[in-house]
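What follows is a group of structures, each given as structure tokens.
Next, two complexes with subunit A in common: one pairs it with subunit B, the other with subunit C.
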Partner chain A sequence: MTRVLSPVPGRVVGLAGVPDPVFAQAMVGPGTAVDPARGPGAAAAPVAGTIVKLHPHAYVVVDAEGHGVLVHLGIDTVQLKGAGFELLAAEGDRVEAGQPVVAWDPAAIEAGGRSPVCAVVALDAGADALSGVREDGDVERGAELFAWS
Partner chain B sequence: MSERTIKVESKVGLHARPAALFVQTAAQAPIDVTVAKPGKEPVNAKSILAVLALDARHGEEITLRADGDGADELLAKLAAVVAEAEPKGA
Partner chain C sequence: MDKAEAIVAALGGADNIIEIEPCATRLRTEVRDGGAVDDAALKAAGAYGVMRSGTVVQVVVGPEADTLASDIEDILD
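Take a look at the complex of A and B:
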């Protein structure tokens, strides 16, 4: 059982609340999304494990059970080519759940005309593998978003 | 064994939308299919985790391999996804 934690503080909007059909239709995988609190902060590892992929705008952490979780910071943020994101860890690093991975400012992303909504996706998971998926309400960074069995 | 080497035309590489389309297309087939970067170990093309970790970027070449009934057709479908600059739809 993997407990997947919110990488950011904010308001849970569910995958359907992501303004990108690839995420909203769960094409990447099941999960949820958080509209982050505006202002400078750091996005954290959603699980304890190894950072197998780290881009400025997105990262994947794989835990001891082999469960890989994608955190995607904002929509179309790949176009920023890293501007506005600061890496606080490196690819291949082992991280604790809740450990800061990327520093960013959701308000700056929004000011640039992009949505800062963060998708948190269970990779290669069947939809019925997740339980207790949060779809709304406010969360602190590190609050549980869903469990993955 | 069918094999096909193609260049990634997606501007963002094999990420997000292109990666999801690629994996969905692969997963619809009943046969095993892999994707590899030159000189690297092939990974399961049906795994979004493996494909995202592969990190195939715009302009890079990848090699697809499949074996069994419909292998050629499957590789043609996957090549079509990889050949699109901005893939749309599911």
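Take a look at the complex of A and C:
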């Protein structure tokens, strides 16, 4: 059982609340999404494990059970080519759940005309592999978003 | 045929691909002829989904998009 934690503080909106069909239709896996609190902050590892992919705007952490969790910071943020994101860890690093991975400012993303919504996706999980999925309400960074069996 | 080769073929072949760029979850490609792109073949090659807007085709492949894109660049060069 993997407890997947919110990488950012904010308001949970569910995957259906992500303005991008890949996430909203759960094409790469089920999960949820958080509309982050505006202002400078750091997005954290959702689980303890190894960072297997690290882009400025997205990262994947795989835990000891082999569960890969994707955190995607904002929509169409690949177009920023890293501007506004500062890496606080490196690909291949082992991280603890809640450890900061990328520093960013959701307000700056929004000011640039993009949604800063953070999708948190259980890669390749079946829809019924997740339980207790948060779909709404406010969360602190590190609050549980769902459990993955 | 490996996955990169299968995706190139499903996009209508190397000559049909103008540009291919990875994002965290997908390959963003621009093709000459959108009609030469075979969605079913892309899914058979392992794509989770395909989104099109004219000659811009997004192939959803998950986080291996960056490694697949570099394999595809090798084929195109």
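Please note the rule applied: the second predicted complex is superposed on the first by the 149 of 149 C-alpha atoms of A that agree within 3 Å, B and C clash if a C-alpha of one lies under 4 Å from a C-alpha of the other, contacts with A are read in each partner's own complex, and residues count from 1 in each chain.
Definition applied: a residue touches a chain if its C-beta (ideal position, glycine included) is under 8 Å from a C-beta of that chain, and two chains touch if they have at least 3 such contacts.
These numbers come from a predicted model, not from an experiment.
Looking at the shared chain after the overlay, A:K53 reaches both subunit B and subunit C. Contact with neither subunit B nor subunit C is seen for A:R3 once the two complexes are overlaid on the shared chain. Contacts of A:R11 after superposition on the shared chain: neither subunit B nor subunit C is touched.
In the superposition on chain A, contact of A:G68 is made with both subunit B and subunit C.
Applying the stated contact rule after C-alpha superposition, one finds that A:D124 touches each of subunit B and subunit C.
The contact surfaces that subunit B and subunit C form on subunit A in the two complexes overlap at residues 22, 25, 27-28, 52-53, 55, 58, 60, 68, 70, 72, 78, 123-124.
Looking at the complex, you find that subunit C touches subunit A at residues 21, 23-26, 48-49, 51, 58, 60, 62-63, 66. Considering their complex, residues 21-23, 25, 27-28, 52-53, 55, 57-58, 60, 68, 70, 72, 78, 123-124 of subunit A touch subunit C.
Against subunit B, the residues of subunit A that register as touching in their complex are 22, 25, 27-29, 52-53, 55, 58, 60, 62, 68, 70, 72, 78, 123-124. The touching residues of subunit B, counted against subunit A in their complex, run 12, 15-17, 19-21, 24, 47-49, 52-53, 55, 90.
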